[in-house]
Every structure is written in structure tokens, then in C-alpha cells.
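Chain IDs A, B, C and D follow the sequence of writing; residue 1 opens each chain.
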Amino acid sequence: MILVAFIAILMTGGIIAWIAASWSHSASRWISLVTLLVDFSLAISVWMNSSGLEWIEKFSVPWVPDFGISFSLALDGLSLLMLVLTFFLGIFGVLVSWNEIQERVGFFHFNLLWVLAGISGVFLTMDLFLFYFFWEVMLIPMYFLIGIWGHENKRYAAFKFFIFTQASGLLMLLAILGLYFVHKSNSGTGTFDYFQLLGTQIPLGTSRWLMLGFLAAFIVKLPVVPFHTWLPDAHSQAPTAGSLILAGLLLKTGAYGLIRFVVPLFPEASAELAPWAMLLGVVGILYGASLAFAQTDLKRLVAYTSVSHMGFVILGVFAFNQLAMQGVVMQMITHAISTGALFAIAGVLYERIHTRDILAMGGFWGKAPFMGVVTLIFVMASLGLPGLGNFVAEFLTLIGSWQANPMLTIFAAIGIVTATAYSLRIMQKVFLGKWQSEKAMPDLSLREKLIFIPLIVTIIWLGLFPQTVINTVKPMIDKQFKIEQPTSIQNNNGVQ
Amino acid sequence: MSLWLIPALPLLGAFVLIVFGQQLPKRLIPIIGSGSVGLSAALTFALGYRFISSSASSFHIKAWQWMDINGFSPAVAFHLDALSLVFIFVITFVGFLIHVYSAEFMVHDDGYARFFAYLNLFVCSMLTLVLADNFVLMYLGWEGVGLCSYLLIGFWYAEEKNGYAARKAFIVTRVGDISLAFGLFMLFQQFHTLNIQEVAAQAAQHWTVGSETALIISLLLLGGAVGKSAQLPLQTWLPDAMAGPSPVSALIHAATMVTAGVYLIARTHVIFELAPDALMIVGIIGAVTLVLAGFAALTQFDLKRVLAYSTISQIGYMFLALGVSAWSAAIFHFMIHAFFKALLFLAAGAVIESLHHEHDMFKMGGLKNKLPVVYWTFLIGAGSLAALPLITGGFYSKDQILWLSLAGEHGHIWFFLAALVGAFVTSVYTFRMMFLTFFGKENTPVGHVPGKGMNIPLIVLAILTTVGGFIELPHTFGHVTFFSDFLKPILPAVTMQEEMESFEWLIQLVAALVALSGVGVAYYFFIYKPDQADELKSSAADLHSFWLSGWGFDKLYDKLVVQPYVYLSNVNKNDVIDKLYESVVTVANWLNRILAYTQSGILRWYIMGIVIGGILLMALALI
Amino acid sequence: MEFSNINIVDVLPGIFLVTASVLAMLSIAIKRNHIFIFVVTTTSLMGVFLYLIFYASNHKFNVEPLFVIDGFGTFVTGLIVMSALAVSLLSYAYFEQREERKEEYYILLLLATLGSDILVISKHFVSFFLGLEILSISLYAMVAYLRKRNKSDEAGLKYLILAAFSSAFLLFGMALVYSASGSMDFSGIASYVASNPTLPLPLFAGMCLLVVGIGFKLGVVPFHMWAPDVYEGAPAPVAAFIASISKGGMIVLLVRFFDQINGFQYPVLVLAFACIAVASMFIGNILAIQQTNVKRILAYSSIAHMGYIFVAFLAGGELGKEAVSFYLVAYFLTIIGTFGVIAILSDHDRDAELLDDYKGLFWRHPKIAMVMTAMLLSLAGIPLTAGFVGKFYLITSGANAQLWWLVIVLVVSSVIGLYYYIRIIAMMFEKMEGTDELALHPRLYLINLITLVVISVLIIFYGVYPQGLIDRIRDFLY
Amino acid sequence: MQVSAEYGLLLASVLFTLGLIGVLVRRNIIFMLVCVEIMLNAAGLAFIVAGSKWTQADGQVMFIFILTMAAAEVSVGLALILQIYHQLKTLDGDAANSMKG
């Protein structure tokens, strides 16, 4: 029941926030903040009480029984982490837009909360139809967030985002239906229930196509080069909160989909695909890095770093071993935090000097040292400095993928050097050097500190005590690798 | 067991300074900064005493389990043995002295608190590096020192070029780091552990001498070492790193961080022992580097750059020592080098500051009366660097390497010759620097004279430099082997080629002569006949500029790597792949325009449409 | 053939409509009163609808020789009547503002509805023909109803000529089929077809001509060209009527006819329909991409939607029928709602048909904008709307019948379709510059607002909880 | 004497085609209307032929329906044409193309 509550709270909160705005803007801000805090604390309490079982919570009621569609939610370690992350970032989403958003505040928060609701739904649902349902639901409000409160080129960005994700999503719908009918012809009962579909015996030829259908949606969302071009536009045009949620959560739904659906549902096919997928990942890492290095628009730059970092995710997922998988989960979380923070920084800077062009910046360290330190920390995070969460993620991913495919891993690791190049470039252009103009450059306000300090604490905590996270997802991952670890990959796991 | 306090204290200091740096009163800052390091230095002494007196071969303490995923379980745990004890002694004690020095040196800088914060952070990460009981934690320290070096090189961030130098340092070392990472990956794949001791044990079991994997892994590790220790081919970052304040150069780019590579190889000597070819390569790298860097140092005019190149060259000696598996010799030279190079840098810093940040030696001169303390200490340091016989620590440490490079079991005549040439060049450039700076006529008026805060560390270091040498004396006189005995449990003594012992005195004699002759040459060119030097310079201008640019490595890498990468990424700034999708849109719009013509609004068109449709339907019958 | 009572009861809807129209006519003869005639119309439609809800059954039997009453027909009749009700509700305010002689409109409306109803239940060429013509002829007048608008007349004329032209094809086709099969009754034709495994040429020719006629009414490629002009010219409510009701009747007839004569045994026919479907989906959507006239956009989109429905039609079987029924419901609601919004925003001199008329609508009339958004999302087939479930149903039936290529075309083309729906939405959420003067000054009537709100609520409801509707459909179908 | 149905149908189709061509080539709306009428009547003829082929009355019944419908259509049509004429001051069908694209 609590699972439904998670989503319901957000939705109702959104509506209330919308209504409230008609008499006071700050009211709707507070309402959405409170909503998220409530959800967050709920999630945390669930986490505290979660036992070592694979499935912590389950909930299911029939929805469209004629099609075997049920409103079924379930919570395991992975979803739990993602859920906590969602609410956690959501809070900052509200905080960063506290001053930024001044018009149509109510509608903004409505959209914000509904995006989060959709995302939570995606992370929770265990019914493929419902999954697709939420998958689409989270896009509409996001579309509005970009399209209404975005920057100069918002309409183009919003269109691109919407069409890309929709197109790929529809392909996934086809694949889902294909799976449905395969299962129906096998077992006679048509169902969209994840657990029942899990064991489905699919002829390899079919399963290739079906997997590609799923893959389409996820790698566009992730995004994997060459399906990434919607991302820089969407990220750079969205309002800060939008970018935060895009980078922090929407991309993660893609990764989540890979872990939850692609690999378990189509083991053979994905084993077959693995080398190519890993290759794509590596290409993404390097390509994204080189593009990031060239950008002058701060948000665009950070957007491309996401492309690069998400390369590690697909690399790890298709390495098929626990280390890599743990790394991937870690990467999902840490990347969400570090990149989110960087976008927040960009937003903070934009509020002050009204540009995202890093060539017009420089020497802010002298004026805003605190901001400098904060940025430094997250820049270091994004280049994978040990002691910060991202290092754990990337190290695990690489050490895992090394077991599967050393050659590709070498190239992936070159991405770390390129990451150093672009990350330090941010630092250089924005905070080092001299600043030409004499505009006032106030340091972080209390509210802004409230945003960044928790993020810093979290990223360091994740860097030094990742075991909490690791243990949370462990049951789920163990399960997965007990179910199916493709023999083709298993052999080169080193001497035990 | 207070082992964990040693790295923790500087960390605490750094934390305090970062968070409250703005608010703190200025005189409190150095107290916190140097105090934290001083405390851990004291702890080190206490611990060192306990360690030596106790029979235990190592102290071990585990703070917490870092990660644990089936088999992969690095902990945040510290491991103290003789080797790491030597290192933490140098780090904390020399570090402490440098902190004290900086307290005065940096006092007028508005980034005072920031400076000490970084410095403390550095000390912490360096300590973690050498105390880590597993490779992952070591890697943490390894990257941490990289970060601090980046921050401190770019400390004066307003200068564009400082930032550039800082980035260069970080990126170049990062190249080495990933090679190290690969080494770790392979080790894990082999042994399913990254605990240093276990790895060493397992390696000894599983691998035979000269095994393939051992070679690959040790080469990968070497890659890491080469990056951090500024050896060929990744040495190019160190000279530029001199952009940082002098204490930084002293602590990071002379005494401690750059020797991390030496530590790494010494730490994993078991693996290297199993791969003689790798050892050979280490030796060659060392030999080549020390010669090249030496010649580069000859031509520099920036005081600090001379020292930088000399650092590279001295570390080359250490690598050479490692290469001939003269482990303790390498470590011994590391320690002595830490003393005198720190001393030299600090002194140089004092000089530069007193001449209002003048770096060019040719604009200096005649300082020996103006800055007596600096002069004398610098002289001692220089002597040690040039390895003047008998009185200087540098002589004993370097002499040992010279000797073993020839007489060690892996020794080789070419190694020896390279080392010898290096020694000669070293003493030449050292005293060139000496004479240009302190002798001759005064070119630049002296500004403020360093006070106690800066002098005391200099003096202490000078003393250390001198006496440090006497804890390890060759057979020929005294034959004190305190240091090598101390390290023996960790680092096996080098086995000599037989029928060599008899020559040792000869070698020492040669070394001494070479050093002295170097001084002589320097005297001839820079005091006796300065114009000769200029003639020589002009006669071989190209060679001079070539050496000045450090054998043109920078240009090479710029052409080979940097420019292509920058070019490519700038060309593709707007992401060609996007064009693909745009073209799809274009096609759709084009189709739309075509089809829009059919909607002409004219009735008979539409009728025609219907008719054609009907005909097409009929036509289907023919299919 | 004498009519037993039960039959009377079952053809009651038709009779009801006829009487209603006669009543309306008489009332005009006595006194022109918009309200009154409006009430007459709505109440009679309402009455029929309620009747269907309460007394309709799904047992199938024939009213020889012309009509067949079965669940499918009854269901769609109900749908048609309801849509007609919605249209008339929307029409009141629309015509109240514009036309001094508004009353006849309702007669035409009732008759057109009747015609469509007859199409739905007919099982014989004669009734087919009669229904079609009743529908068409009243539509000519409805399209051209606003005499003062040049576009309206032009549209009317075009529609008339083309419709007459196409019904000539239809008739000739019927004649050919008749001469080949010797029967104008579907079952008779079926028996003839059953005896001919290979399609004889005259029959095929007849079929083709029939398809031309039908295709025209449905506005599928290549018989679609009239659609945009007529939609643009016709008054918004009438356009809604054309888009929904007049097509619905024809679809049902098509399904029924093909079911009965089992046309799927002839691959060439299936191929023909497949081609039509693909062409409609692609061309319809592509034509709309850069269109700036909302009514035309909707015309093109309706072309595409007919293409979608054809997928389910070709899939056939029970699932196909269900899909068609569900999709019709979703589509009717949505399209009527959309045109309702256009109607509500139109003012005296022209309809709110330009994209710019919707600029910043969300900040002027949030409610209407939300309704419009819901409608457009439903047309685009985004979840939370009935349109999504409908599309899902279509895809499911297509996938079930292994028509993968058609399904993929459906998906791809609906992605193209997204673009222009989103474009309108984006327009509505544009910021209003205070400077630009509004082109239109509509007077908002409560009744329209209520209608629209009800419709959009229904759309959302069916989108979130489709099971209820599905059950209803299944009750009727089997 | 008996004419076989085929000839009848042939005649009908010829008529139909004539009408069709007429609609396509004439620009005067009235003539277009007339040609449509021809096509309708061709269809009617076809029905009668078919009816006589099967010796059923249905064909003729259908023909009567067609006549009625044609009449209704023409009446509406003429009304519209009047309107158009008022606007365009011409009966050229191609002139009525204010809506396109």
C-alpha cells in the first residue's frame, strides 16, 4: 500500500500546489517541498526497516483484467535506491527553482511533482503495460517544464526531447506486445506481469527483435551514442530544476530499464549483444567526453559529460558480473548527484550573470570562494576522484568490465583522462583566471548552501561508505546472477 | 593504537581550514596548519620508537570496511612497516618544517588559509598513499596527492598560465594513473584480492620468475610510477609545476609526491623481482631520465626550473637503483634527496622572494653576503646534490647507487656510465646555479630578508642533510648499515656480483673526482671566465635551446596528442550525428511540401484524384 | 413481410429520429424558436440514447430485407446518437451567435444522424444507399449552412459534387456486384462469393467501385482530398459531425459487409485495403506537419486516424471488432471535443482555425486550453487518455493478427503525427506578449464549457479505467 | 428480342465513362453537375440491366431511388451554385479554390 502512497502523495501534492499558487506563490513552493520531504522520509523509513529479502514490498490489483494488465507495484533494493534518489533530488529541484521560477509557479510545481510521480512509477511498477504507461506519463510534464520555463531555444529542445523519447517508447510498446503474445501462445494466458513473463521461453530470433524494441527506449533515454542528440538540447534549455531531474533521474530510468527488463527478460539475446553494447558504451564515453571538451555553454558541457558517464552504465550492465553491476547502480546514484549539482551550479551562475557561456566567466574564485569549493568538489567527482562516490562507481564498473572484456575497458579508462580534461576546463574557465567585467558576484546564499551541502555530504558519504548502497542492491543482483549468468561471459572471471 | 591519527590529524586541519578559513583570525591559521602536521610528526616519532623497539614486523589497523562485493573487499586500513615508516617520517617531519617555513613565506598572501588547507590535505593523502594496506586505498591517496598538486600549482589562479600548468600536471599524471589502474585490474583478476601483502604472497606462489603476467602487470604499475615520479616519457609536467609557490615545490615536487613512484615500485618489488625484464626497463628509464634531465638542467635560467630538472634527474637515480634491485639504496637516496632538495627549494624560495619574485638566475648574483643563512644552507644543499665527497649525505646515498649500478647482480656497465655522466652534469649545473645566484656582482637589489620563521627550517634541513648521510656508510669507511638493516625485513639486500668488492674504493674515488671536477668546470665557466660560457652557448645555440626546452618533449606531445584532440573536438563541436536527425526532418518537410501541391483547392483535381485512385485499385487485379 | 412488435421496438431509434425531425419541422412552421427546437432535438437524441442504454440488447436478428439489428450495430448507434447529442449541444451557442435562420440546422442534424444510423444497421444495398444519401444530402446543406461565409459555400459545393460523383461510383459498383451475384442482400452476395474461391472480374470491378465510394466517405487516401477543404469551410460543429458520425456509420457498414461476405478470402482486396491504410497513415500525417490551419490539421489527422482504424479492420476477428468499437468511441469523443474547442473560441466573422489564434491560450482561458490539451494528447495517443488505450487496442489487434508491417507503419506515422499535435500544444503554452491584439473575441457559453468538460472527463476516465468500456463493448459484441 | 446483359452493362459503362470525362473536362459547375447526373443514370441503367438479367424488380426499385436522390441532390446543388455565383460572379469551378494547401 505504501508503494501507492509514494505516487499518490506526489500527485495530490502537485494538484494542491497548483491550486495553492492562485493565492500565494510561496505557498505552492512550500507545499511541494513538504510533499517531497514526506515522501522522502517515508522512503527512508522503508529503507531502514528493509530486511535482506529481495522483494521488500509488493502491491497488485487488477486493472484491465481482460488483457492481464494489473496495477502491480513492487519494491526491491534497486527500486528502493532509485526511489530515495528521486525524492532526494526532487527536494533540491524545488529548492533550486525557489527564486528562478517566478511565473506560473503553481503549474510549475504541478509539473515538477508529476514528473517525479511518473518516475517513481517507472521505478516501482512490475507490470509492463503499467511501466509503459508511467514511462509516457513522466514525459508530458517534463515536456512542459522544458517548453514553458526553458531558455531561449526551449521549443526546439522540447520537441526534440518529446519526439525522441516517444518514438523509442512506442517501439518498446511493440516489443512489450510481442512479448505478451509470445507468452500467451506459450502458456495460454495473456499477461503483462513482470514476474510471469520473466521465465518466458522465446525463440532466439524473436527475442532478438523484442530485446531491440526494449533497448530502443532505454538507450535513447540513457542515452547511448548515436541516440543522444536530444539530450544536450533538452538539458541546456531546461530550467535548472528540469536539467537536474533530466540528468539525475530521467536518464536513470533508461539504466534501470536495462537492468530490470532487458537483461533478465532476454538473457541469451543480450549475452549475444553484450560486446556490441559495451562497444557502444565505450564510444559514448569517448565521444561524449570529446564533445564536452569543445562546448562553451556550461549546461551543454555538463550535458555531454552525462553522455560520457552513461557510457559506463551500459558498459557495466553488459559486462554481466556483480562488480560491474554494483558499479552501474553506484554510477546511477552518484552521477545523479554530481551532475545534478553541476547543473545547479550552472543555474546559480545564470541567476547571477545571466549567461551560460563559460568564455564570459572566470576568476569567480576570488569573489565566491564557497561556490568555488563546491564546484571543485563536484568537478572532482565527475572526473572520478577517489573518496567521492563517482570513483567507487567507475572503479567497480571498470574492474568488472575488465573481467569481461579488457580491450574495451582500456578504451573506457582513457575516458577517465578525457574526463579530467573537460572537468578541469570547467574549473579553469569559470573559477580560475581573471574576470573581465565588474558585475557583482555574491557568494552562495543560505538557501543555495542548503542545496549544496547535503549533496556534498552525500557524495562524500557514498565515496567512503558505499557499502550501505551495495548491501541494499545485493539481493537483487545476486538473484539476477543466480538466474542467468550467460556462460559465454562466465568463463573469464579470473582464478577463484 | 594511534596509527590512524597520523593521516587523520592533517585531514582535520584541512577540514577546519576549508570550512572556517574565512572567519579564522590570521595568526590562528598557521597554528592549525602546521600544528596538525607537527602533531602527526610527533606521533610518527613516538610510533617509530615503538615500532623499532617492538619485535613486530608491522603494525596494522583497520578503520572500516570500504567495500565488500564477493571477493573484492578493500578496507580503509593502514599498514605500517619499515618502508612506510621511512616515508611517513619524511612526509610528516619535512612536511612540518615546510609548513613552518610557509607560515612566514605566505603570510602576505590573501589565500593564506586556502594554502594551508591544501597543504594539510596533501599531507593527509600522501600519508594515506604510503600507509594504505590495499591498492585501492593507495590509489585514493595516489589521486588525492594529484588533486592537491593540481590545486597548489594553480594556487595563484589569477595567472592563466599557472592554471594551465596545473591542468597539465594533473592530466599527464592521470595518464600514468590509468595504467596503474589497469595493473590493479589485472592483479584483481589474477588473485581476487587487492590487499598488498596478500598480493605479494600470492604472486610469490603463483608466478615463476620471468612469467608473462608478472611482466605485464609490473610494466603497468611502472606506468603509474613513471607518471607520478616525472620519469621518461611522462616527465614533462614537473618543470611547469614550478608555477606553484616554493614551499609547494619543496614539499610536493621534490620531497614527497614525486617519489610516490619509487614507493610504489619498492612496495611491489616482489612482483618486479619476478619480472627481470621489467626491472631492466625501470633501470633504463632511470638512467636515460637522469642524463637527459641533467643536461636540460644545465641550460635553464629559471632558478626553480633548474631544481625541477635536477629533481627529475635525482629520481632517475632512484629508479636506476630500483632497476638494479638496490632497494634500500633507492629509499636511502629518496630520504637524503628529500632533505637536500626541500632545503634547496626553500632556500631558492627565500632568494626569489627577497628579489621580488625574480626567477632568472642571470639577474641574481652576489647574494652571499646579503642572505648569509640562505647562502650557507643553500651551499650545503648544493654540495649534497652535487655529492661532494665525505661531508655530504648526497655523496653516500648517490655513491651507493653508483656502486650497485655496476656491482649489483642486475648491474651493468652502461648503467654505471650513465650514472657517472649524470653525477658530473649534476655537480656542474648545481654549482652553476650556486655561482650565478650567490657569487659575482649583485644584479638585483635585495628586498626583505627572510626572518626566523624561514631560517630555522632551512638550518634544520641543512643539518639533516649532512648527518642523514652517516646512517648508512659503505664498507670502505665505517660500514654503517643501520638504514639497510632497518629495511631488510621488507626489502631484501642486493646480492653482489662476486669479484667486485675489491673495486669499491676505486668507484668511490672516481665518483668523488667526477663531482669535484664538475664543480671545477662550473667555476671555470661562471666565475673565472664567464664570457666563455656565453661563447659556448652561442656556438651551440640550437642544442642549448633544445635542452632548454627539455629535449622538446612538450612540443612533441603537443603535436602528437594535444593539438589533434583539441582540433577534432572543436571541429565536431556541433555534433555531426545531430545532422543525421536534422536531415530526417528536412526530408519530412520536403515530402510535406510536395504533397501540399496535391491539395490545390481545385475541384477537378480532386475528382481526378478519386478517378486515379479507382484506376489504381483496378490495377491491383493485374498483380 | 409484416412487422411484429419486437421489430418495431428494435428499429425504434430510427423511428424516433424521424419523428423528432418531423416535429422540428412542424415547430418551425408554427414559430421559429431556437431554444425550443434545440430542446426538442437534444431531448429526442437523449431519449434515443437512454432507450438504447436501458433496452438495448445484443441479440441479433434481421428486419427483412433491409436491416439487421445486432450488438455491434446497437452499440455504434448508441455512440452515434450520443455524438450527435454532443454536437447539437455544441451547436447551440455556435449558431446562436451567427445565423438568423438557425432552426433548420437541427432538422438536418437529426436527418444526418438518422442516415448514419441506417448505415449502421443496414444489410442490403438499398438501405446502404438510402442511408448514405440521407446522410450526404443533409450534410451538403449543413456544410454550407453559414451562407454569409464564402468558404462555407465553396466547401458545400465541393462536397456536393465530389460526394455525388463518388456515390455514382458506389452505385455503379453496386450494380456490377448485383449483376454478378444476383442479389443486393449481403447474405446473398456472401453465398455467391462463397461459391467463388477466386474473385471473378466483374465482381472485383464492382468491389473496387464500392471501395471508391466508401473510401470517399471515410476520406482515406487517395479519396481524401476533399477532407481539408470541407473541414475548413464547414462550421466547426458540422466539421465535428463529418469527422465523427458520418465516418462512423460507414466504418461499421464496411466491417459488417466484409465480415458477411468474408472479403478477406481474397488477398487482392486485403492488399488493396492495406495499401489504403498505409497511404492514409503516412500521407495524412505528413500533410499535416507544416499546416497552420488547425481545422485542416484535424482533417489530415482524421485521414491518418482512418488509416489506423483500417489496421484493426484488416486484423478482423473479434479483437479487431472490439478495437474498432473502442477506437471509434475514443476518436469520436476526442474529435468532437477538439472541434468543440474550435467552436467555442470562434467569433462572429470566422472560426478559430489559425494556429496563432491559440497563442497563449493557456494563460487566457486555462480551462479551455487544458481541454484542448487533453484532446490533442488523446489524438496523439498519449497515456492517461482514451486515445492511448484506443491506439493500444489497435496495435494489439494488429499484433495479434501478425500484421507487423502495418503495426510498425502505424507506430512510425503516429510519431510523425506527434509533431503537429505538440505544435498546437506548444502554441497554447507560448507566452502572451501584452502587445499583440487578439484576433478573435469569442463569447463563451456555459453549455459548451460543460459539454467539453464532460467530454474531456470521459476521455481521461476511459484512459485511466478502460475496463468499464471494454466490458460494455464485449456485452454488446457477444 | 433478348439483349444479353453484357451489352447492357457495356452501354451503361460507356455512359458512365462519358459522364466521368465530362466532369473532368468541363469547368462550368452546372455542366459538371449534369455530367454527374449522367453518371448516376448510367448506374441506374446498370441496375435495370442487372435486374432484368436476374428477372427481379429490385433493379428498377433501385433506379427509382436513384432518380429521387438525384433530384434532391440537384436541388441542393443548384441552390449552392447560386450562392457561389453570387460570390464569384462566375460559374467556373476552378475559380472556387480559396482553400488549399
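The criterion applied here is as follows: contacts are C-beta pairs under 8 Å (C-beta built on N, C-alpha and C of every residue); 3 or more make two chains touch, one makes a residue touch a chain.
These numbers come from a predicted model, not from an experiment.
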### Task
Find the most central chain, measuring centrality by the gap between its CA centroid and the centroid of all protein CA atoms shown.
A
### Query
Which of the two pairs, A-B or B-D, is linked by more C-beta contacts?
A-B
### Task
Report the inter-chain centroid distance for chain A and chain B in whole angstrom, where each centroid is the mean of the CA atoms.
38
### Distance between the centres, which are taken as Cα means, of chain D and chain B, whole angstrom
97
### Query
Quick one: chain A and chain D, Cα centre-to-centre, how many Å?
65
### Task
List the centre-to-centre spacing of chain A and chain C in whole Å, with centres computed as mean CA coordinates.
43
## Note on the structure
Shared-interface residues of chain A (touching two or more other chains) are none
### Message
By the touch rule stated above, which residues of chain B touch at least two different other chains?
### Response
596, 599, 601, 603, 607
### Summary
For chain D, residue numbers touching 2 or more other chains are 23, 32, 93, 96, 98-101
### Message
Under the stated touch criterion, can you name all the chain pairs that qualify?
### Response
A-B, A-C, B-C, B-D, C-D
### Message
Give the list of chain B residues in touch with chain C in this complex.
### Response
588-589, 591-593, 595-596, 598-599, 601, 603, 605-607, 609-610, 612-614, 616-618, 620-621, 623
## Note on the structure
In the complex, chain D touches chain C at residues 5, 9, 12-13, 16, 19, 23, 29, 32-33, 36, 39-40, 42-44, 46-47, 49-51, 53-54, 56, 58-59, 61-62, 65-66, 69, 72-73, 76-77, 80-81, 83-84, 87, 93, 96, 98-101
## Note on the structure
Interface with chain B, chain D side, in the complex: residues 20, 23-24, 27, 32, 93-94, 96-101
### Query
Along chain B, where are the residues that touch chain D in the complex?
596, 599-604, 607-608, 611
### Query
Considering the complex alone, what residue numbers of chain C touch chain A?
363, 377, 382-384, 388, 392, 395-396, 399-400, 407-408, 411-412, 414-415, 418-419, 422-423, 426, 429, 465-467, 470-471, 474
